[in-house]
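Scrolling down, you'll hit the structures one after another.
One chain, subunit A, links the two complexes that follow: it is found with subunit B in the first and with subunit C in the second.
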Partner chain A sequence: MKPEDTTTPEQPRPPARLPLWANPRIGLVVLLIALIALFTTLRPAFLNTQLTLVPMQADISVYAVVGLSQLAVLSLGHMNMAVGRMAAMSAFASGLLHDRLDAPLIVALAGGLAMGALLGALAGLIIARTGVNSFVVTLALDFALIGLVSLLYASFTDGVAFNGLPAGMSALRTDTFADYCAGDLCGPPIPLLAPIALVAVLVVGLLFRWSRTGREVLMAGSNAKAAELSGIPVRARVIQAHALSGLLAGLAGFLLSANNGAFSAGVGDGFLLPSFLAPVLGGTLLVGGAVSVLGTVLGTAITQVIYKGLNLLQFQVDELKLYIGLVLLAALSLDRLRHVLAERRGVPA
Partner chain B sequence: MRPFVRLGSIVGVLAVVIAASACTKKEDTPADGATALTAAQVKVALVPGGAHPYFQPWKDAGGKAKTDFAFGDVTFNETAGWDQTKQNDVLTSLAAQGYNAFGIFGVAPESINSTFENLKKQGFHVGSLASCPAGDKNLADFCLSTDVQEAAYKAAKAAVEAMGGAGNLVHLTGNKVDSNTQRRIAGVQKAVDETGGKVKLLDTITDIDKDLQTAQKAVADLLAAKGSQVNAIVTTAYNPAVAAAGGVKQAKLPIKVIAIDDDPTIIAGIKAGEVAATVLQNPVGQAYVGSYALVKLSEGCTMATPGVIIDSGSFVVTTANVATYDNDRAAKTTSLKSDFDTKYLTCAK
Partner chain C sequence: MLLAEGLTKSFPGVRALDGATLQLTAGSVHALLGENGAGKSTLVKILTGVYRPDGGRVVLDGRDVHFGSPLEALHAGIGVVHQERNLVPGFSIAENIALQHLPNRLGMVDRTRMRAEARRCLDLLDLDLDPDTRVAELSVAQAQLVEIAKALSVDTRVLLLDEPTASLTGDEADRLYAIVRKLTATGHAVVLVSHKLEEVFAVADTVTVLRDGRSVAQAQPLSGYTRDEIVDLMVGRAYASVELTARTVDRDATPALELAGLSTRHGHRDVSLTVARGEILGLYGLVGAGRTELAKALLGLDEITGGEVRVHGAPVRIRDVGQALRRHRIGYVPEDRKGEGLFLEQPITRNVGVTVWRRLARFGLIPDRAERDVVAEYTKLLGIRAASPNQLAGQLSGGNQQKVSLAKWLAASCDILIVDEPTVGIDVRTKAAFHELIARLAGQGMAILLISSDLPEIVTLADRIAVMGDAAVRGELANDHDYDTVSQRVIRLIHAAPAPV
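Take a look at the complex of A and B:
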């Protein structure tokens, strides 16, 4: 042993630089590229702009926001089982505002978001006040909202959807930036929905990375008791995180309504599973305290690419489910393997 | 560093705003599908909303149409899983695979017009099969479907007759947040209203067409709770019909069952006198004549009335005509095809 080691006081070792292979996001990007390459080789139509890439981007936009909605409460180690029904209620609020008050697009959107945030805050308030598990509270809320959505549509519409959409909403569905030109220069073939989702991704990303509130939510998720003792208002943070989850569910409901072309009672029906799948695939912990916004977007992209690819290969219904399950299991196992390897080599992953 | 970030963001936002304000929207170019194809170039995709026994005859009917009308190819894809977003995905994937004419049972009648519009914008021909869009508009080239309200009315009339014109009736049906279910409920209500209060609609049980188990459980619950008060059950969905026929037989109650469609258990029930009547639809005619019309449209014919709604027929089958009902159905299919030639299609040749 060298003499200076014993004489100088021990300095905290600087954290080892994360090698590229140990970065989970890089793993997801590699997987995504590999999947795209695989499907393109098998079916060149995978790169068809109008029929494959544009619709896929629109779907990724919707489901990335769905994933973020769940991520907002996973940050606390909570769950939001009512994510689909909050989206349905938001779509109802938007539809009602347009139908009865002739509200323009932006007002209808704001109304929908407010409804989502309000429902989320209500769930958060019940959880914070009573201490009942978030799974139970949001599951109960989901049941109540299933009935309420159905009743509201029956009372305010002819059936199960509002007729008509605010001006501009159809363009969100049908147009891409390639349809808008300055002179001869036209935009890229990206659907108009995508920037809305991108704003949500940036805001949630910045919130959890840079804002004090976001960091406090993560600390409350990591250890509520310790956070409380450090002076963090844990109850307020629980309510805020759930309100954010509701707000994002509302945004997802709006995006899906735009994508499908109607504010209807069925909006959000298929949100629950993807809402968990994308964040978990992207590296967000179910126990709380750590989130990955970029990972969620990548997780959504991977899921949609797999789905689109298998669709193009024309798998039949049972095979499709089987292979989606297998590919996702393989993706999660690879990630786990990467994690174990990283731990053995002493690199945080 | 921060001022630069802020300055950069402001410049970025300004650049986007200026670029956006200088943009103009490209004129919509007419769809290139207007160019006529030869029959051999037409590839028809028959796409139900999900896996369901009702649609199984579409496979063979599509195959028969391909042989009879000598067109390029036909596929049957039931992977939509009763989710409109997934169905849209399936449709664009099929289009990317070269399918250029679509016979679609839309998952969500309230928003399926948007899907039709998207496909037509790309130049494809679209027929709405077995279900028409909700509301007054049909943006598909045509809709060839059972008039569900009329079929439910016929079924309820048969039930009233079977129960001797008085008593308690129960209606079992499918997804409540579906405008077709709302039409069925209206059809049954109309027949009940016509009895002037002699027949009472005891209950309308919805959301039990998901699978046979769900329907069987609902029927068992109904018979246990109100079996002795019920005189007749009218069903306007496939699984509830099979479950009601089996449930009533097992419980040995004197309840008249009016079924729908021709599952082997239902037809056996009619022959044995356990099922009073069934109302048949015409899935074979929908797929066969629908494919024919799509081929004709692709070859350059146009619809005399774009978006016309055509009843594919519904037939009440009792013990009296159980042996011969398929002849009526085949005759209807033949007459539908000749109606397309003489009334609905305008062809240059």
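Take a look at the complex of A and C:
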């Protein structure tokens, strides 16, 4: 008997296509467009380039990278509770390099990224070595770093921030491509921060989709035992994923510092919640094994549009938080509902 | 009593049920048989409210019923014991039994009533267990019986047992079936899903056979069939026993894999085995004899404390599976295919490709096309039946899952393969195909260490048989493929006194 005989003569039908409404990404795009339409109707100023669109793009750039930082470890089913403080430490490293050694922009950036990657790798190493839950390890690390960041800023600066930025960094803050013209031809009104974030998005996307390392991280997140028994160096992948998370946190810290106009101790304070919101909203699983980079960008865009929109409608900061929380809860419940409905119809969502 | 008629149910790429019919009468044991993927599990899940059928109807006591959830089915009197354990280990027996309907008083759990209720259920089965015992402390067989007690805790009249004896010993299974008999005597209808035909013939009164989602025999008296006729019905054509190609093994050449006096932290003592190129060494033993642990120690997953491992004559120290694969071309197909062999949430492509990414990668990136080609080659070679290479491994039938779990090692071109219980829970036809495949791989020069608790399987396949007990090799014998004599010698070795340390 040949093994081919084990197939039945009739060819199984191809899997049923996911219905359009069940495609999470399309749902997000529709939601995003609906929100923009809604806010534009209520406040036409929502489409004002200088007032809204440019700052919003800068924020989306920063927070997309924050989301990717969390996504890097969500791929394993891990968490990084220290994203904010890793960003703060990176910003400190960049600031110190510029302040004391007069490092140019690119060197300050590299130093910051290295600091982030190092802290991430440290967290990953502890997790891989001890087997302690990533939540606990990174939470403890975060706590330790809160103290360290204040101590460092107290010793090396006037207390909260470095004076001055490397040359060219203010341009990242203030300029858009529209400020650079060749003859009559000017660029689009996109802040200079955006392409940096775009590169991060593309690299992370490439990593998880096509690179061996990225795929092996996802396999380890899918089933660590089976990964080990398939010859994947699981510990190394855990360390690498956390190092990537730290590196991206560092990049986010740099982008926010550029946006704020200073390397300060408070960079990264507000990173934790958005870092989870964007990937989860975008369809990344908390249990690991599957990530959506595009979804994370869309999730970030939706969060920022809501934020800007409510801001324009002159909600107070506390109200803003309340409504954002509610909107996100609703979005996540809808997402869950969609899964259940799709499952009932026998389609994997 | 219960009639399920013309049931249909489709999943992506698979028509799991295609007009299946099941009819039950009170007071009898009804066997539901079929190969993996024939639709048994789907049928059971429809009857217990897990799935809703696409078509057909379920009639209980003359009324059409539609179950929206497992709880509704339970309250209608249909209880089920699934193949997998469904008890909460940290809870007591009483808590587990009462889980779906905790008796409450003033919003608090009424523990006295809960205990009395559990006692009543346990008494139904003549089980002398303390309801306050934690489930974690029970033996596998006891836990199985508690599952049945739980299924009977509501006013259950139909009891579905899915492979109830898969993890039980012969005596324990006999005990369970005595209880099943007792239940039918009190008017319960019992549905028995099992791959063990001997047990089915010993216990069941009537039989329904499913094939490709249709019932090819419906509620027939089992006494009208022989074992072979049932197998024919399940397989759909006269089942030819496997004709394995004769192989010649060069026993004088350097062995591919050699364990010399190996001791491990797990407690293995002085284990010596050799596997030649093109040879199948059967490693037989009872559950818990330490065979899987030996394989894992060999792969660097547990510490080796003494002795030596030699691959093609050269002493090696294997650190992990990746190194075993890359340096020594050793592959390991684990026993627990869902937990260790597969990535259930990942597509077939990734499950098969995972071992070859290193080879395919260019500048760290994997070209889709190269991966697709490799995966297509091995899915075809092994006859993996799936809607598309992108189908998730978790959606495949047991036999196809096992093929995927094996495919990744063939794709990585291993020349030493350790296969651990390759055909557990796999139907007759796929099992035969697997045996043929393993023999063919050996015929191509692969050295195979076959770990199995299935004695007929070992006798069919192995060139030599090593018998393991209490983490030591009890003895080794040549296999002349004569089941009666070989099995007697093996069983004698198993029950021989352990060698003095």
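In the analysis below, the second predicted complex is superposed on the first by the 332 of 349 C-alpha atoms of A that agree within 3 Å, B and C clash if a C-alpha of one lies under 4 Å from a C-alpha of the other, contacts with A are read in each partner's own complex, and residues count from 1 in each chain.
Convention: contacts are C-beta pairs under 8 Å (C-beta built on N, C-alpha and C of every residue); 3 or more make two chains touch, one makes a residue touch a chain.
Just so it is clear, the structure is predicted and the values come from calculations on it, not from any experiment.
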item	value
Partner chain(s) touched by A:A290 [first = subunit B, second = subunit C, both, neither]	second
Which of subunit B and subunit C A:T213 touches, first, second, both or neither	second
Contacts of A:L229 with subunit B and subunit C, given as first, second, both or neither	second
Residues of subunit A defined as touching subunit B within the complex	43, 45-46, 48, 50-52, 55, 59, 62, 149-150, 153, 158-161, 163, 170, 173-175, 178-182, 186-187, 256, 259-262, 264-266, 269-270, 307-308, 311-312, 314-317, 320
Residue ranges of subunit C in contact with subunit A within the complex	9-15, 52, 212, 240, 242-243, 299, 301, 320-326, 332, 334, 339-346, 350, 354-355, 357-358, 361, 364-366, 368, 380-383, 385-388, 390-392, 395, 399, 408, 429-430, 432-433, 436-437
Residues of subunit A that touch subunit C when the two form their complex	1-8, 12-16, 206, 210-213, 215-216, 218-219, 222-223, 225-233, 289-290, 344, 346-348
For the subunit B and subunit A complex, residues of the former touching the latter	19-20, 22-26, 50-51, 75, 77-79, 81, 83-86, 88-90, 92-98, 107-108, 110-111, 113-115, 117-118, 121-122, 134-135, 176-179, 182
